[in-house]
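Below you will find the structure I want to go over with you.
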Amino acid sequence: MPFITVKMLKGRNQDQKRQLVQAITNVMVDICDAKPDGTMVVIEEVERDHWSRGGVLISDKVDPEVK
Amino acid sequence: MPFITVKMLKGRNQDQKRQLVQAITNVMVDICDAKPDGTMVVIEEVERDHWSRGGVLISDKVDPEVK
Amino acid sequence: MPFITVKMLKGRNQDQKRQLVQAITNVMVDICDAKPDGTMVVIEEVERDHWSRGGVLISDKVDPEVK
Amino acid sequence: MPFITVKMLKGRNQDQKRQLVQAITNVMVDICDAKPDGTMVVIEEVERDHWSRGGVLISDKVDPEVK
Amino acid sequence: MPFITVKMLKGRNQDQKRQLVQAITNVMVDICDAKPDGTMVVIEEVERDHWSRGGVLISDKVDPEVK
Amino acid sequence: MPFITVKMLKGRNQDQKRQLVQAITNVMVDICDAKPDGTMVVIEEVERDHWSRGGVLISDKVDPEVK
């Protein structure tokens, strides 16, 4: 029955997302004994101007390396 | 004071959403004795390529019946 | 596939919760054409000293009617 | 380590959002002794036709003052 | 910067949780190029009488196999 | 109408929580022009053995300074 929400900055491609949900599901099954068909993963992409760390929006940061 | 979040796949029309928030609010009032004006419902539509079940994104599934 | 989260103040009994999840599921099926078995509802009870409205925790409010 | 999610109706400009995340981070540091760099704020804007109060979508309300 | 929330039924032991957060973090790093130190995972355990599927609370289901 | 969720490690006392919800509400009113009575804040305390950073649960970290 697990329901996993992944909030992350926009920028990953469709193939990464495809691999991501498969890998997280495998983790739930292997470690937590979940049933695959009962495991759901939702990806919530966040724009860089809607996420802050240290009080500064990522879009305002100089460091382009943040992911 | 209830706050209800409905995550569902994109695809319902505005009239369905209108009925949905009204019906859920009624349920909260009738069953849980909530005050209508203190009850909020937020709909979060999720794209089919951002939601997986069984490790597979809905957009990659062959079955078109998933809703 | 809908996933519904109900945040509400603690205080409803088990029978109300039982009716609540059934009624919300029915709403999703009737109005949004969801499949019952793909519809999940999670209740998140919140303590009165962890929820505020107007800047004041419910536990600090004089009005005992808030639900 | 705090993670703050702000769900609000669409309509604030970028400068308001910039000030908002800074101010909330300051509050977490000043009152809760959080470390600035460990504090994240995510803004989730909701469309007026996806948020209801009292069973009615904000987009269907006559009062234009709701924010 | 990813923030992952795992909602699941209560019942896993501490060692499973320890492995779970490590494995999900590895997945985020390997597939999505996230930095480990910027990746946070929060586990939210849900009681069986607060989670329903098909309109029925898990605690009310006869099948003891649900996880 | 804003709805703010604060996820943070357990450990703040009631007075800090009282100040926290008041201060965040003030920020929403001052910066985002929200109405106080329409602004809700929910605090979700997380146990140190349910929150990880860098793949390690906070309860397993040696550094006692994490907050």
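General remarks:
To keep things simple, chains are lettered A, B, C, D, E and F as they appear, and every chain counts its residues starting from 1.
Here is the rule we use: a contact is a pair of C-beta atoms (placed from the backbone, for glycine too) under 8 Å apart; a residue touches a chain by one contact, two chains touch by 3 or more.
This one's a predicted model, so the numbers in the text were calculated from it and none came from an experiment.
Shared contact partners of chain C and chain E, listed by label: A, F.
The most distant chain from chain C is A, comparing centres defined as mean Cα coordinates.
Chain centres here are C-alpha means, and the one lying farthest from chain E is D. When the contact pairs of A-B are matched by residue number across B-F, D-F or C-E, over half of them reappear in C-E. At the interface between chain B and chain C, over half of the residue numbers involved are used by both copies, so each side presents largely the same positions.
Averaging C-alpha coordinates per chain places the centre of chain C 21 Å away from that of chain F. Taking each chain's centre as the mean of its C-alpha atoms, chain A lies 13 Å from chain E. Residues of chain F found to touch two or more other chains are 1, 3, 7, 40, 42, 51, 53. Pairs of chains that satisfy the touch definition comprise A-B, A-C, A-D, A-E, B-C, B-D, B-F, C-E, C-F, D-E, D-F, E-F.
Listed in rising order, the residues of chain A touching chain D in the complex are 7, 46, 49-57, 60.
Listed in rising order, the residues of chain C touching chain A in the complex are 1, 3, 40, 42. Of all the residues in chain A, the ones that touch chain B in their complex are 14, 17-18, 21-22, 25-26, 36-37, 39-45. Across the complex, chain B meets chain C through its residues 1-9, 12, 16, 19-20, 23-24, 27-28, 30-35, 38, 51, 53, 58, 66-67.
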